[in-house]
Each structure stands twice: as structure tokens, then as C-alpha cells.
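Presented sequentially are two complexes of chain A, the first with chain B as partner and the second with chain C.
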Partner chain A sequence: MKRYVLLVIGLMMTATYLFPLYWMYLTALKGSSEIFQYPPTFWPSDPQWNFLEIWKNRDMGRYIWNSLLIAIGVTILVTMLGTGCAYVLSRVRNVWMEIALFAILMMQVLPSSLMVTPIFVMFNQIGLLASPRIAVILAQTAKVLPLYIVLCRATFVQVPRELEEAALVDGSSRIGAFFRIMLPLARNGILVTSVLIFLQSFGEYVYARSLIAKNELQTATVGLQTFMGPNANDWNGIMTYAAIYVTPILIVFMLLQRRIVSGLTAGALK
Partner chain B sequence: MQGIIRTIRDGSGFDILLLGLALVYLVAFSAFPIIYNIIMSLQTVDMFTITSFKRPFVGLENYSTIFAQPIAATVLWNTVQFVVLSIVFQLSIGFGLALFFQQDFPGATYLRGLFLAGWIMPALVVGAIWKWLFAGDFGVINYVLTALGLTDDRIFWLSDPNVALYAVIIANIWLGIPFNMILLSVGLASIPRDVYEAAELDGAGPLERFRSITLPLMRAQLGAVISLGVIFTLQQFDLIAALTQGGPADSSNVAQYWSWQLSFQTYEISLGSAVSVLMILFVIIVAAAYVRSTRHEHSY
Partner chain C sequence: MFQIEIDNLNKHYGGFHALRDVNISIKQGSFVALVGPSGCGKSTLLRTLAGLEKTSSGDVRIAGQSVIGKPPRERDVAMVFQSYALYPHMDVEHNMNYSMRLKRRPKDEIAERTRTAAETLGLSRLLDRLPKALSGGQRQRVAMGRAIVRNPKVFLFDEPLSNLDAALRVHMRSEIRKLHERLNATSVYVTHDQVEAMTMADHVVVMRAGIIEQQGSPLELYDRPANKFVAGFIGSPAMNFLPATAADNGALVLDSDSVRIGFNRDIAAGRQVWIGMRPEHLSLKPGVNDMTIGATVTGIESTGSMTFVVLAVASQPVVLAHAGRPEACKGDQVRLHIALDNLHFFDRETELAA
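What follows is the complex of A and B.
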């Protein structure tokens, strides 16, 4: 009995916490006059389905495409640079590795909004701002690469050393053992961490806002910010935009929920 | 040449190559910008000198200009409030929820995981949703507060300079709760059950058990979560951009946002650099303390 009382309380707390999400979807479905009703309604009286309209009017396809491009670029670059580094940091133990790991942990905490000033000036001087989406990919990669290394390292630590050593004794080269033994065994962790990096970069805002000048190249976050403007009152549309944007993120999250939680906790506390 | 290929294929050259790739990248795009930032904070950098490689050095003038600005004190005090209040509430609510979901009931783990939905969403979208929740005339928060009789009048959360900062803090607390809760849950799960059972046999009540077992055994975890909280709170930019943009009249402006405003809105880039240098320094000190404390426990 007590367990079910707890379940009901737990459900109520979760519902309270997730209320802002409910309100987003609800507002997206309400009619444009219903949102300005007072007292507000908690269930749409006449649900409107204006997702396609907002998608077209706000040019969301282009914004989402730019966000996707940046997120894919960052994810590829990060996995290529970070996986090997995470592996080495999990296997070799000496003072130099300790120093390298410490430096990487320090770079993990640098706020984008503070790093963007020197990065903007530097990229401007070497002409990188001419291809601003690449500039955002490079800057965002530097931001998330340390996190990827830390989380992936935790995965590699869990792979038994003996498996790799056995392969080496059998005459495999280091490269061979890395690709045939280590990578397949760490696959799950690498995958989940990459998804996490992808989702974070898909919602990136500071670098896109600061480094991209042309509206055609802007990301979905900046598109939303423009939509909100100083005198926004089309909350109906804004929440529709937000719902279209975050629903895929939430679906991926729901599918991988358990793994994301365990990957995150392993990395943050080790 | 052969030797180099062999060591990369089969020796320590392999390790050095893999480690080197990532480190060179981070040095070029993280470490170098920090150094460049320090140099810029000692120069005059504005729209005219931004592309030049020879800029006049002005010593510490930018730093004194920053502190002489009338809003410097406001921003500093706001930043302190933003960090302290965010962390106090994120931590206590997160800890409470972690304790609750630690109990044995059906679906506890699943429900706890659902909270992370708030963490995975882009902060700018979270800001957009909260801006609508906080809306003065038609916002649902004002409706709930007046319906419950907690306030008589509508609160203009985002346009009243006395409350704008607290509105941003509330949204930031919402964002930070899941992370705090999950990390603290891991710590709670690692406390052996029999310790509690033994204490219960000795007649210790729930409060006594919490005070004498949970808190001391969670000390390291709490320390880690607090330092991570400081770090993440100082990274928060998107939420402020979506909600108030530092306004009205800088009443909700914090250091990391001010630095960006100086560089990208008023183009006083060297002033932006100076603020940025000070804040990065602070973040690194906090992070170093955090890393030292966690390393200490897992020393091998």
C-alpha cells in the first residue's frame, strides 16, 4: 500500500516538474485567441494544428538544416579526435597522463559566452568568419571535446585490460587491437556519448549567434530568438516552433534515457 | 622512417599520436584563445583595430575602466545572487527529490529519469517556454499565484527591475534540478543499506539517520555537485538571452552576459575581454578545486 502512495506522490512531482513542457505543447495546440483567455484553459477547447504553417512561415526547414549540419559536423569531428584520446587516457597511467587529463578537465568548464570574444577576433583575423558554419563547428568542437573524452574514458576503463593484452600476445598490432577489440567493446558508450554531444550541439546558441552574420546560415536557436523579438505576442506560433524543434530531441532522449543517465553519472563522478 | 611507422603501428607512438590529435586541437581552439584573450584585455580592441595584428598596449586600463563603470557593482552583485540562489535551491530540491526517488516503489527509476528531459532541452527553448509562463497579463504563473491567493496583483516578472533577476534564477533552478538530483542519487545508492538498518535497531529516527549517516557519507558528493553547480551556473547564457537580455536597465545582468554585450553589442571588445579573463580565472579556480577533490578519492 505504502508503495502505491509513494508512486502517486512521485507521479505528482514529476508532473509538476514537467508542467512547462505540457504548457508548451498545450499553447501550440490552442487557437490564437484562446491563449489570451484569462483565466487560462488547461485543455485546448478547439485544438489547432498549425505546425506545417509555422514550419513554412518561419522558414524552419532552413534553420533546422543549419543546426543539423553543425551538430553532425561537431559530432564527427569530436568522435574522430576524442575516441583515441579517451582510450589512451584510460590505458596508460603516468604523470604525463595525469597532467593531460587535468588540462582536459579544465577545458571542459570554459563557458562559451566568455570564450567567444577571443575566438571571434581570432577567427576574424584568419578569415574563418567567411565560412561561419565551419567556424561554429570548430568552436563548438573545442567546447564539447573534453566532455566527450571524459565520458568515453569512463567507458574504456570498464573494458577489461586482459582482452586487449590477449590480442597483443596473439600477434595483433596495437592498431589492430584498438580497432578489432577495444572499439567494438566500447561501442555502446561511444554511441551514447556521441548522441549526447549531438543533442548539445543541435541546441547550440552562443557561437551561432556571435559568429554567423547571415540569416540564411543561422541555426534553429537563433531563429527562435528572432521569432521571440522584443514585442512578441504570437506565443501560439513561438510555442509551435519550440515544440517542432524539441520533439525530436525528446524522442531520442526517451529512447536512450537509461543509457544517458548511466553514462552521465559515470563520467561526472570519476 | 620505418622506425616511426613501426612505433605508430605498434608502440608508444600509437598512444602519443592518439593523445596528440586531441591535445593539439584543444591547444589551438581552447588554450590559445585564453592566452589571446589575456593579451587583448591589455590592448585597445574595437571595430577599427579588430583585424590589426599591431594594437597599442594600454596596460591594465581596461580593467580599471570596467570597475569604474556604474553597472559593475550591480553586475557583480547580480552574479553572486544568481550563483548562490541557483545553487542553494537546485541542490536542496534536487537532494530532496533524490531522497524521495531512492525509496522503493514501482517506476521510481523511470520517473526519476524523466526529470532529465528538462536538462536535455536547448536552454534557449527552455527560456522561451519560461518567458511565456512568466508573461505578465496572460502568464499561467500569475494565474496560479492569484488563484491560490498568494499575490493580489499580477507580478510583471520580466519587466519589473525588482524581480527580473529572480525570474531568471527560478528558470535556472528548474534547469539545474535534474542534474543535481541524478548525481546525488548515485551517491545515495552507494551508501550500504545495513548502515541504516543498524542505526534503526539502535533507535535512531529518520531525521537522526539523515543527519548522522546520509549527510556525512554524502559530503564528497555534495562538494562535487556544488562545484559543478557553480561551473554550470556561470555557463548560463541562453536562458538570460531568451528571458530578459540582462534588462530591464541591467537589473538582471550577470558577468558572463555583460562580457558578451561589451564585445558583441557595444563593440568594446577589449573591455569584454577583461571581464571574460576575470570570469574564466574564477571558473578555473573552482574547477581545479573540484577536480582535486574527486581525484583525491579515486587516487590510484
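What follows is the complex of A and C.
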């Protein structure tokens, strides 16, 4: 009995969370008059397939390419800078490390919209705005690096210390033990966190909007704005655009799920 | 020639003095057990030998060379961890030969030595398995294999059997001992189980709170414990202690019971002591040169071959061990016979053997 109640509650919550997604796909398929129909329809009476048209008309290929470039750049930079840092924070235990970790956590609190003005001024002065996509990569890296470090640190903490010590006794150097033992064992956590960082950067808006002036270099999130007219909004177009943009992300998430669950460190101890 | 020499070793963790003036010399080919209650510093000492802990002062020499400040890989020691610490992403073969691959030994030498070690430990058919597909005992063997494949100067064992079930533990005890003899290795073995220490080692080091309480051969520690702690720690069931005071005429008077014990050692009158009695030196039957006190049977534990009788001597618990089946029942009033030749005496203040 209790199980069924919990199941129903779970299903209701899932439905609530997934409803906007459903509404997005639904609106993308509806005709322009059906969108505003009251009472609303929950299944399109006359499905419209505008995807190819929107892709071509709005130059989505270019926007998504820019988003992809920035997301890949951020992910590479963050993993290169953050992995070592996360490892050290997981292994060295003293007051200074606690302070460092706290400072890192605090940095996460600052929102992009607050940081964008000082970043703009600074980047402008050192001439970084001439290469705006790199500017966005740097700004976004600074923004998501703390998150990456905190999440990765948790993965490294889970890898038993004895494994590293065993490698040291076996004749490995500290760096060797890091690359051959720690890194392969923290691989899942690093992978999952990197994908998270990638997706966050793929959907970045504030920095791209502020630091990128040229439309050819603009990202997909900013590109969505072109649907917003002064008098009317093309809701069907917006949702079609959004559907094209979001679907690959959803697929990546679904593929990733299994990775998160599987435990690679099983069998190390005992 | 000593294979390992530890001179006045000290180790501080901040304000905590983990090892105090530790001195041990270990001969080539000997099997040394470090034993003591948890937190006594035995694991710290082992990790110091491995190079996983820094020392505060003192010297450690392996094969005549000081290893202070050297990282583990320059010490040529192999270690078996309590948790085994097998690399979960490598199969058994690669777990075992990781050290040789790091040293870039020739391929056929690596293959040959891995094969020999695997045969020695009965792992030949498991070489391509991952650690997670092994049982506890098999993992323990792989951890051993990883150590023996290297042919190191010293083997270090950190409670390697504590995760195994009782039967396997007894089996592995003799396996490790046999392996040690076959390889003519020098081994240092940490355990909290004094039975393991007694049965396996040539030389036992008893530690407490970072201090070596006593070291020597197992029977030396059993027969001539230097203080009350060692006396109580070595031997199972543990030695019984009864408080007593020396009288003026060369006799001891039990505090509880005003029973006088004839005594031929020179203890000043009025000195307070503990009388230590091994369970097997107590009997419910009269023997030669013994004395008797009254006691109540409060419990019987029988293992079939041995019987342990728990007695109360004026509310002090005393355990008696004898071979065979129980000779008394719970609640019986009995006469307890104590063999006077095998008594131990410890000063009540210093706890040193009197």
C-alpha cells in the first residue's frame, strides 16, 4: 500500500518536472492558432514539421557551432586546470586546505550577471574582446571551475588512499601514481562532472550576450532572441528552435546515466 | 648482519607522540611480529619502514643503508595492506607485475616471475580476473603475490589476515610462514592478535602507546613477561591477576581473602604487588607444591578439547584452563589449586615484574 502511494507521488513529481519539456515539443508541433486555443489541446491536431526550415532560416548551424566551440573549450580548460587541484584538495588535510575549499565554494556564489561588468572592463583593457569566443571561454571557465573542483574532489576522496600507497611501495613516483592509479579510478567522476560542465557551458547566456558583439560569433542561446519581435513572438519558431537545441543534450544525459551508477572501485578493498 | 635496524626512532603527529625511542634490530631471514592494542603505534612503525610516514628523529637502516628521507620506491620493500589495496582496474596478472613493469624489466622476465609467483600461491587460473571477481581469500593471495613477485629486501605485512574468516586465517597463517621460509625473506608483520604473533614470529615486539614494552622470542615473552601489560597481553586466555601485599615473613597475603601464600623471593614487607597466574597453572585438583583458595564457579566455556572455568575469587574473576571435559558446574563452591612454581609478581605501582 505504502509502495503504491510513494509510486504515485513519484510519478506526479516526475510529471510536474517533465511537463515543460512536453509542452515545448507540443508547441513546436502545433500550428500558430492552435497554440493559443482555449481550452488547450494536449496532442497536436495538425502536426507541423518546421524543424528543417527553422534550422536553415535562423542559421542554427552556425549558432550551435559557436556554442559547441565554447562548451568544448571550457570543458578542456576546466578539466586540465581543475583535476590536479581537486586531487590535492582531496589528499592534503590541514587548515589551509579547508580555507581554500571554503573560498572555492564561496566563489560559486557569485552570479555571472554580477561578474560580467568587471570581466568586461578587464577584458576590454587587455584587448581580449578582439577574440570574443576565447573571452567567453575564459569567463565561463572561471565561473564553473569551482563546481568542477568540488565535485571532482568528492570522487578522489572515494578512491582509497591505500591504492596510492600501494603504488608508491610498488615503486611508483607520486606523479606516476596519480596518472596510473588515481586518474583511471576517478575516471567516472571526472567524466560525469566534465559532461555537466559541458552542458552548463553549452547553455551559457550572460557572458556570450555581453562579450560577443558580432552576430556570426554568437551562441545558440543568444540566437534564440532573434524570435523576439517588438510586437509579436513566434512561439512555434521559438519552441522548434528550443527542441532542436535541447534534444542532443537530453540524449547525452540519458546515455550518461549508466556511467554515474556503475562503481569502478568495486573490489579494491577487502 | 642486521637487515633492518631502527635506532631511537621518534614520530610526532603535531602534539601527539606516536613513537617514542623505538629500537629494534632485525636479522636477515627472521620473522618479526609487531603486536599491541589498536593505537599503539605498530602500524605507524610499519608505515615508517615503508616510507609512507616521515620520521621526526632517529635512524632507520635497511641492509645497512639509512633510508631516512627516501621515498618508498628507493627502499626496495614490499607491503601487504590490511585492505589488500588491489588496483581495481587491473587484472590479477597486472596487479602482480605492476612493480616490475614500473622498473621496465624485460618482458619475458616479467612473465616468468609472474607465472612462478602465481603458481606458488595457486593463482594460475585467475590471472585474467579483475579483483572484484575474486573472493576474499583470493584477493589476499593476490596481495601476497604482488609482494613476492618483486623479491624485495623486506616484506611488510599490515594485519593481512584480519579480513578473512577464522578457518582461512589459520590456514593462511601457516602459508605465510612457509612462504617466508621458502623465500628466506625478512618479514615484519603487524597484528593485534597475539596468537598470530606467537605462532608465526621468531621475534615478537609488544608495543603500547608508542613504546616498546618488551621484545624477544615468543616463549620468552610468555615465560618471563617484563611487566603486567605484556603478561596480560600475551597468552590466551589472559593471565589472571590478584592483588596482594607482602608480609614480613616471606609470605604474600591476598588482599581479598587474607590467604597467605608461601613465597621465596625477596620482596620487602608491605610492598603491594599483583600476583599473576596463567589459566593453565590453576587446577581444581590438588597437585605438587601448590596452595588452595576458595572460589565460586560462575561460568564454564568448553571447546571440546579444552575447558575454561570462570571463577570468582572474592569477587575477582579468575579463569582456569584444563584439558578435557568440565569437572565442575556453575555455582559450585570449589577449592582452587595454584601451582606456586609458575607464579608471576608485578609491583602494583610500576607494574614491572618483581
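Definition applied: the second predicted complex is superposed on the first by the 237 of 270 C-alpha atoms of A that agree within 3 Å, B and C clash if a C-alpha of one lies under 4 Å from a C-alpha of the other, contacts with A are read in each partner's own complex, and residues count from 1 in each chain.
Just so it is clear, a contact is a pair of C-beta atoms (placed from the backbone, for glycine too) under 8 Å apart; a residue touches a chain by one contact, two chains touch by 3 or more.
Being a predicted model, the structure only gives us computed values, none of them experimental.
Visitor: In the superposed arrangement, which partner chain does A:L11 touch: chain B (first), chain C (second), both, or neither?
Guide: After superposing on A, A:L11 lies in contact with chain B but is clear of chain C.
Visitor: Pick one for A:P184: touches chain B only (first), chain C only (second), both, or neither.
Guide: In the superposition, A:P184 contacts chain C only.
Visitor: According to the stated criteria, A:S173 is in contact with first (chain B), second (chain C), both, or neither; which is it?
Guide: both
Visitor: Tell me which touches more residues of chain A here: chain C or chain B.
Guide: Result: the larger residue contact count on chain A belongs to B.
Visitor: Shared contact residues on chain A, chain B side and chain C side combined as an intersection?
Guide: In chain A, positions 173-174, 264-265, 268-270 sit in both the chain B and chain C interfaces.
Visitor: Applying the document's contact rule, which stretches of chain B touch chain A when the two form their complex?
Guide: My answer: residues 8-11, 14-15, 17-19, 21-23, 25-26, 29-34, 36-37, 40, 45, 50-51, 53, 97, 100-101, 103-108, 111, 113-118, 120-126, 128-133, 135, 137-138, 140, 143, 147, 174, 177, 182-183, 186-187, 221, 224, 228, 231, 234-235, 237-238, 241-242, 256-257, 259-260, 263-264, 269, 272-273, 276, 279-280, 283-284, 286-288, 291, 294, 298, 300.
Visitor: Looking at the complex, which residues from chain A come into contact with chain C?
Guide: Residues 160, 162-163, 165-174, 176, 181, 184-185, 264-270 of chain A touch chain C in their complex.
Visitor: In the complex of these two chains, what residues of chain A are touching chain B?
Guide: Going through chain A, the ones touching chain B are 3-4, 6-7, 9-11, 13-14, 17-18, 20-21, 23-24, 27, 35-40, 81-82, 84-85, 87-89, 91-93, 100, 102-122, 124-125, 138-139, 141-142, 145-146, 149, 173-175, 178, 199, 202-206, 209-210, 221, 224-225, 228, 235, 238-239, 242, 245-246, 249-250, 253-254, 257-258, 260-261, 264-265, 268-270.
Visitor: In their complex, what parts of chain C are in touch with chain A?
Guide: 50-52, 71-73, 77-79, 81, 83-89, 98-99, 102-103, 130-134, 136, 139, 146, 150, 156, 163
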